[in-house]
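Paired with subunit B in one complex and with subunit C in the other, subunit A is shared by the two complexes that follow.
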Partner chain A sequence: MVSLFSHFAKMVRMASKILMAISQGLLAILMFLSIADVIGRYLFNRPIFGTLEMSEVLLVSIVFFGSAYTLYLDKQITMELLYNRLSPSAKKTVNIITRLMAFSIFSLMVWKVTEKAFYFKETNRLIPSLLWPIYPFMLFVSFGLILISLELLIQIVYLFKDPKQVISEGGN
Partner chain B sequence: MKKLVLITLLVFASFLFVTNYSQAASDKPIKIVFTHFEPPSGVGGSTAVEFCKELEGRTGGRVKAEPALAASLGPTAEQFDLVATGVADIGGFIPAYTPGRFPLLSLMMELPHKVNTTVPLSKAYNELIAKGYFDKEVEPAKLLWVSSVPPIQLMFAKDKITRISEVKGKKVRTSGEFWLAVAPKLGMVPVSMTISDIYSALEKGTVDGTFLPFSTMDVYKIREVVKYVMEFNLTYNSFACAMNKSVYEKLPQDIKGVIDDLVKKYREIEAAKHDDWDQRGKKNFLAMSGRETYPVSDADWVEISKIFKPLAEEWVSKREAKGLPAKKLVEDMKSTFKKYGVTVLW
Partner chain C sequence: MPPWVIVLIGFLVFFLLVFLRMPFGFAFVFTGFMGLVYLKGLNAALAALGTIPYSAVAIYVMVALPLFILMGQFAFNSGISRDLYDATYKLIGRAPGGIALATNLACTAFAACTGSSLASAATMGIIALPEMKKRGYDMELATGCVAAGGTLGILIPPSTMFIIYGYLTEQSIGRLFIAGILPGLLLSGLFCLWILFSCIRNPKLGPPGPSFPLQETLSSLKGIWGMLALFILVIGGLYVGIFTPSEAGGVGAFGAFALGVFRRRLSWDAFVASLKETTINTCFILILLVGVSLFNAFLVHAGFTKILQDWVLSLHWSRYFLLSLIIFLYIPMGMFMDTLAMLLLTVPIFFPIITSLGFDPIWFGVIIVILVEAALLTPPVGMNCFVISKITPDVPLSRIFRGIIPFFVMMLVTIVILTFFPEIALYLPRLMMKG
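What follows is the complex of A and B.
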């Protein structure tokens, strides 16, 4: 059972890592797109059509594709003013409670974002200017959120079973 | 015997409880939430406030109507969805902000017209919505009214552009699918955003200019970030107001009657307000130093107006191909607009 779970955790973390690599690629595209638009606009009087709308779409994907792996590395922003003064057992309790709360919130987000993606598909909602359907991008967000939820779930289980496995060795 | 008395008392008590409860339930006012993307200082926002106040007054407090303004319940582009999904009961929205969502409504509301006052155009729109062309695409809501916004102008933050050829390469905020197609034909690069984002986009230089009516000058403080206005004086894009159909159908008959009366009254009020806000907006804009307005030259106008007809025909064909009665609607639009003295440019 334990090995099955650790196998599952490995798979989720591998998927998170792949998504993080995609996120980095998207960040590079966003950067080149913005530079090309500025050069085109101010040097050649030929801005790129749809830059703003594409940037918005890319930015959302970058954030949600990179979050699960960031969580695994424990590189997210944390407030540690009180936490650092706690005993190890109190820290463990706080970690379990915060992860449970986060898991509930992110699971709800998965549900609502996916529901909204299908609603937008049904009502033929398009990205203004580009006129691309919005729902595939919302499903990307959903997928990112699923991985965040799974990572939180894995961390909760490891907090009980094997605290060394909660975050990456390179984490904080 | 004791048992019988006890049972009778219990039945009587339950009867009292149930009748009291239903009395209490029926005394509880029906809550109606009116969402709008505009603040209370805007045409739509102020109309929502007045509508709610009168609805409460005319129903003797049986309806508690609450305006939720300035997109407080959800983003500007999602005001209709708030009504359709039951988050709000009535909502003011701009169909052009959701391209692809309302194929027939956009056909009616995005094609440009020349009018001096928006009231007759709004009357024509409302006559057309009463014919049921749009009932299916606004389900599960029902359209209450449509009001045409005032003539749209081409506004620039820094550059004084007097000829249409000078807009080449400029990033200009447009809204609606039709104008997304028109703008590149004029040499502009269209950028879509809702009204609430325009101020900062002009201020930061994300866009060079925008299509907007003068009525937005005060409400959204656009006069602070715009210096030059090329007067296009074209009317397109409108406000629409819808109500959740199941909420409406569940209302008592007399309250439905009050809402129907208010719809007739407020569609006229909102239409007239657009003109008032527009005149005041232009006056306040020109009162600021360094602000200028100038008309589109006759030569430019000839070039611009050539664009509309083929695009409108393309729109009609696309919708017909999807099985929508676009041709019938357009024919009806032409005769209805003629009746109200609205000049069709397509």
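What follows is the complex of A and C.
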């Protein structure tokens, strides 16, 4: 059972890592898109059509593709002051409770964002000026949120089973 | 239950969660959602959960955030901080406290490439502290000047804090950037004056460094012209209105990348590391913004900011007294909270009060960023001091905290000067408006 779970955790974390790499690639694309638009606009009087909207959806993709891995690296902003004074068992309990709370909210978020994505698909909601459907990008958000929720779930299970595996040591 | 009680309970739950080490972003989401459930019902709260993750992030002005972080990362990984330090060291190193002065000036110049205080403090600390130690500098002065100099990174544009303040208050990020220039130079000048004054009074604190031939000094400037030109292009472009902040970010990031490649300073590994660090920072900041958007929706539905604003105005107290109260609230808060979280939590609450008291929103942005800088220095969680402590493990943290006291006082002096002479912050943005 434990072995099955650790395989599952490895798969989820591998997916997060791959998405993080995609996120980095999208960031590079965002930079090149911005400079190409500026050069096109000011040197050739030919800006790239829809840069504003493309930049927005790129930003959305960067954030939600990279967030699960950021959570795994324990890079979120936290406050250690009081927490550090707790005993190891109290820390464990607190970690389980706070992650359960976060897991429940993020699961609800997955449900509602996915629902919204399908609603946008049905109503053919488009990104202004580009006229691209908006729902695939909502599904990117949803996918990122699923990975965040799964990462939280993995951390909860590891808190019970093997606390060393909760977050990445060394940030890789 | 009256709305202010609901909000009070909301804040208590929020602080309980963050004290228990729940990430700030998640605590904002949880408290905001529960508050909305209570005030508007489950369906309305769920509807907010379905829309806010996308709508809080898909905002064009926020594209400037990763691009300016990336610019700083490229500059950092290309070793520009070393070039800046070399140039300022050769230029003024021979003065009393010369290495500390050079470090402070290098921090000021590096602030023009990065929007991060920690990056400034860490890079300059690694370069300058061993040199100051070798030359027999007083380590309180040495560590204090690096920790404080590092904070200039978020006041002198580009600045991540100004981008986030602009997002929260719907103020022009370009005007905020420009507004940070003169106060940043003023603060840097005050830091230099303090270093000079202390070292002239007691030369043992900072003995002068060696002097260099004019030829060598001039040739050291070669290493910094590119970044200087890039800063002028990016901020100048914003100033004259050629670029939007996001375009300026794109130009800055690409320019720093091109300079690094052109000078063979940016390897493939450094390029990837810059992308990775920027992505991580962007993710945690924007997830935090998703949480704050939900939390603010709760505050708005509770009518909290309006209630607080009406109550404060009904007191008929002097607006300067109220401003002082707000400023003095930030100092203890900065001792315990992460600076970004502090900004996100407080600005939506205080901003309506400040503007209704007749203070300029751009000017207040500058004041807030200086307070955030101060929070990076104050114990027990002054992050810049911890960064310096990691670089110099032989200097006790208590000495580092003692060392920042005069620089912290200079920050308060700057706030007082800016309060009496707001034009220092507003002169350049006003010229921009006329243009």
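Throughout what follows, the second predicted complex is superposed on the first by the 170 of 172 C-alpha atoms of A that agree within 3 Å, B and C clash if a C-alpha of one lies under 4 Å from a C-alpha of the other, contacts with A are read in each partner's own complex, and residues count from 1 in each chain.
Heads up, the rule we're going with is that contacts are C-beta pairs under 8 Å (C-beta built on N, C-alpha and C of every residue); 3 or more make two chains touch, one makes a residue touch a chain.
Owing to the predicted nature of the structure, the values given are computational and were not obtained by experimental measurement.
Student: If you stack the two complexes on chain A, which partner ends up touching A:M11: first (subunit B), second (subunit C), both, or neither?
Tutor: neither
Student: A:L52 in the overlay: touching subunit B, subunit C, both, or neither? Say first, second, both or neither.
Tutor: Touch partners of A:L52: subunit B and subunit C.
Student: Contact-wise, after the overlay, does A:V113 reach subunit B, subunit C, both or neither (first, second, both, neither)?
Tutor: In the superposed model, A:V113 contacts subunit C only, not subunit B.
Student: Quick one: classify A:S67 as touching subunit B (first), subunit C (second), both or neither.
Tutor: Only subunit C is touched by A:S67; subunit B is not.
Student: For the three-chain arrangement built by superposition, which of subunit B and subunit C touches the greater number of subunit A residues?
Tutor: If we count touched residues of subunit A for both partners, the winner is C.
Student: Of all the subunit A residues, which ones make contact with subunit B and with subunit C?
Tutor: Residues 52, which sit in both footprints.
Student: Okay, in this complex, where on subunit A does subunit B touch?
Tutor: Residues in contact with subunit B: 41, 44-49, 52-53, 119, 123-126, 128-129, 131.
Student: In their complex, what parts of subunit C are in touch with subunit A?
Tutor: For subunit C paired with subunit A, touching residues are 17-26, 29-30, 33, 46-47, 49-51, 53-54, 57-60, 62-63, 66-67, 70, 242-243, 246-247, 249-251, 253-254, 257, 272, 275-276, 278-280, 282-284, 286-288, 336-338, 340-341, 380-381.
Student: For the complex, give me every residue of subunit A touching subunit C.
Tutor: Per the touch definition, subunit A meets subunit C at residues 20, 23-25, 27-28, 30-35, 37-38, 42, 52, 55-60, 62-64, 66-67, 70-71, 73, 75-83, 94-95, 97-98, 101-102, 105-106, 108-109, 112-113, 115-116, 137-138, 141, 145.
Student: Over in the complex, which subunit B residues touch subunit A? Could you list them?
Tutor: Interface residues on subunit B, with respect to subunit A: 77, 81, 85, 97-101, 168-169, 171, 175, 177, 180, 184, 189-193, 206.
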